[in-house]
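Here the structure comes first, spelled out in structure tokens, and everything after it is commentary.
Letters A, B, C and D name the chains as they come in the text, with residue numbers starting at 1 for each one.
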Amino acid sequence: MKVQLVSVTPNAEKVIEKAARTCYMSHGKITKCSHKEFIKRLIGAGHLSVLEHALATFSLEGVSRALTHQLVRHRLCSYSQQSQRYVREDNFQWVVPPDIKEDKNLKKEYDECMKYLKDRYSSFLQNSVKAEDARFILPNACCTSIVFSANFRQLRHIIALRGSSKAQWEIRELFIKITELMKKIAPSCFYDFKVDYEKRIVKKDV
Amino acid sequence: MKVQLVSVTPNAEKVIEKAARTCYMSHGKITKCSHKEFIKRLIGAGHLSVLEHALATFSLEGVSRALTHQLVRHRLCSYSQQSQRYVREDNFQWVVPPDIKEDKNLKKEYDECMKYLKDRYSSFLQNSVKAEDARFILPNACCTSIVFSANFRQLRHIIALRGSSKAQWEIRELFIKITELMKKIAPSCFYDFKVDYEKRIVKKDV
Amino acid sequence: MKVQLVSVTPNAEKVIEKAARTCYMSHGKITKCSHKEFIKRLIGAGHLSVLEHALATFSLEGVSRALTHQLVRHRLCSYSQQSQRYVREDNFQWVVPPDIKEDKNLKKEYDECMKYLKDRYSSFLQNSVKAEDARFILPNACCTSIVFSANFRQLRHIIALRGSSKAQWEIRELFIKITELMKKIAPSCFYDFKVDYEKRIVKKDV
Amino acid sequence: MKVQLVSVTPNAEKVIEKAARTCYMSHGKITKCSHKEFIKRLIGAGHLSVLEHALATFSLEGVSRALTHQLVRHRLCSYSQQSQRYVREDNFQWVVPPDIKEDKNLKKEYDECMKYLKDRYSSFLQNSVKAEDARFILPNACCTSIVFSANFRQLRHIIALRGSSKAQWEIRELFIKITELMKKIAPSCFYDFKVDYEKRIVKKDV
């Protein structure tokens, strides 16, 4: 899994502060560091809409279609995903679940299965089956690339859901990485999220 | 593919008329049939937001995960889909693309592939692999069930996109069925869509 | 303020149950009353997206433009509002805040102010000022009509915000009425909201 | 009216190109200028979702509440507006419609009306009426400040609606300014919009 931050609102926390202070016309209180406590107070008070004025765009590579089928269910984000109708998958890579990777026999069986599917897929294409039909045999494990954008409010919402212990391991790993990135870029906006590296989850202060 | 209308706003066109007439306070013009021309005029003028006051809910069975990965990208709808994390797929059914179905050899190869995956999947489960990991080998062809709701404005938008000649065959078949259903339920709201049964597409009057 | 339920998904709780059981393929557990505990459990677990399959449409009359400017900020709903560009307001009614109504002198001053504005507005129209320009002098108090639709998930969200003690009195009164209506129509979907008639707020069980 | 661009996605057109090329895995075609024709082709083909990966944030001052009541109806944007519940309006400014400004008598009557309202408002506050109640007499003309964010796809949609000859003059002036700003920042994303300075509208190539 490769996660890259493609773009983020410059000076995001200052933009958010400016927007939020418009509600109260308290721009006079802006100092170099005033956004830090101000944003934490807004979050504490549930005044989250102001976090929508900052956007982050991520590029993901080497994630499974199982992951993206979960990700794209978050409807307040924007997605551009590698198409299996227009892009041939002759050489598809695949994601291996950790519990399978750890077991030599399971791993062998799993990889054989993937190679078998790759052969069948290529064979179909050679027999003039269209890519959009041949892809019907491609597995959830198949690697895909996707660019997605989310505002900071929405990112907080998704991190809370997909970083939790109930979430599936692959999407949890993704949002651990995203939490790390966002805590560097906008520490006040994500101050209450913490990665638990032992349990591989994201915790939220209540 | 089984498409069932689970629910729809009762007297949808009258609800839409009432809402739209609130903008102009022209409720006095309501007669038994006044909604018919009125709604067509609203659509012609691009005043589409009033169509959002009516909702339709569909239940789909026997569609592929390839179809639902496209469907759920329409973000202004609501979805509840059969989970591959919580529901075991020991006995999964699969969708066969028509171009493959028509070719005896391709069909045989395709079905063998599906049976092979079903065996591998069952074998994984028997070896204590969790359903959420075993599903990584399941193909796009795998049948799924989904309930989805869309308001009439959004339905018009999706029919136009997914019923067109550029759309993929399976989702096109779905929206041919949905067009037929909606034209019966709310003929004025979908008056400008027509199914071309020869080309298997939905056409829109301009 | 007149609040009328224009339309609601028939058998809403059964529709929601059917949709939610699709996720787990547990339709076999449906009985006449099974939705009651099931929906409460879904809400308790935060699985709220299933509540989006039911829609309610309300017609409001005699509310102020101050109220609607707050209401329309809820972006996951649909709105059709009486236009001040297309509908003349020669005879506009107005909302009086309770604290002003209770004070004889303030009430007199307030009503004089409204009558003054009505005269000025009419005078502008007689001088060939367009309605869309004359409305610039109309007050926030001006009564308006609006039809709005929200799904049950969104209604729960808005009730929690606008029924709370922090909310403004007029919109709070609106959502007290809406809570009463929804508790009758879909008791399981709104079971944890209770109207406190002394404090005139909506409370939520935690 | 003062319109300020608070923030915009850096290298917005390159971000959009990168996202869109992910769909086709055609990153190899990226050159210094490749985004220009590529984005125009995407727009021509109606592949607009890729424009959602760029966000612009504007700060507006000196616009009327009549304008913002229209603006906030665009639900796929984010808003932070000066509150009339929390900010006192003792010294409110007001917008004057051009047709009134041009007529000496109308202008006089209009300004008197505004001064009258300002006096009444101050008088209410002095009599311990809360700001949230006193504001009921404030007019649509009352100046307000608002920060709003919209992605480029949504901006195109709003410019087309609110820049057209059917739109109201004040919001049309706003989107003339925004069109000018966006054509400088992202010329390929807004290439088909042109300001007609004689008619004071925004035209769109078809």
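FYI, a residue touches a chain if its C-beta (ideal position, glycine included) is under 8 Å from a C-beta of that chain, and two chains touch if they have at least 3 such contacts.
The structure presented is a predicted model; accordingly, all values stated were derived computationally and were not measured.
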- CA centroids of chain A and chain B: separation to the nearest Å works out as 26
- Query: Any idea how many Å lie between the Cα centroids of chain B and chain C?
  - Reply: 31
- In angstrom, rounded to a whole number, how far apart do the mean CA points of chain B and chain D lie? 35
- Message: Could you pull out the residues of chain C that touch at least 2 other chains?
- Response: 79
- Name the graph shape formed by the protein chains and their touching pairs; answer line, ring, star, complete or other. ring
- Where do chains touch, given as pairs? A-B, A-D, B-C, C-D
- Message: Applying the document's contact rule, which stretches of chain C touch chain D when the two form their complex?
- Response: 64-66, 68-69, 72-73, 75-76, 79, 84-85, 94-97, 99-100, 105-106, 109-110, 113-114, 116-117, 120, 123-124, 127, 129-130, 132-133, 135-141, 168
- Considering the complex alone, what residue numbers of chain A touch chain D? 6-7, 9-11, 15, 18-20, 22-25, 49-50, 52-53, 55, 57, 59, 78-83, 86-87, 145-147, 149, 151
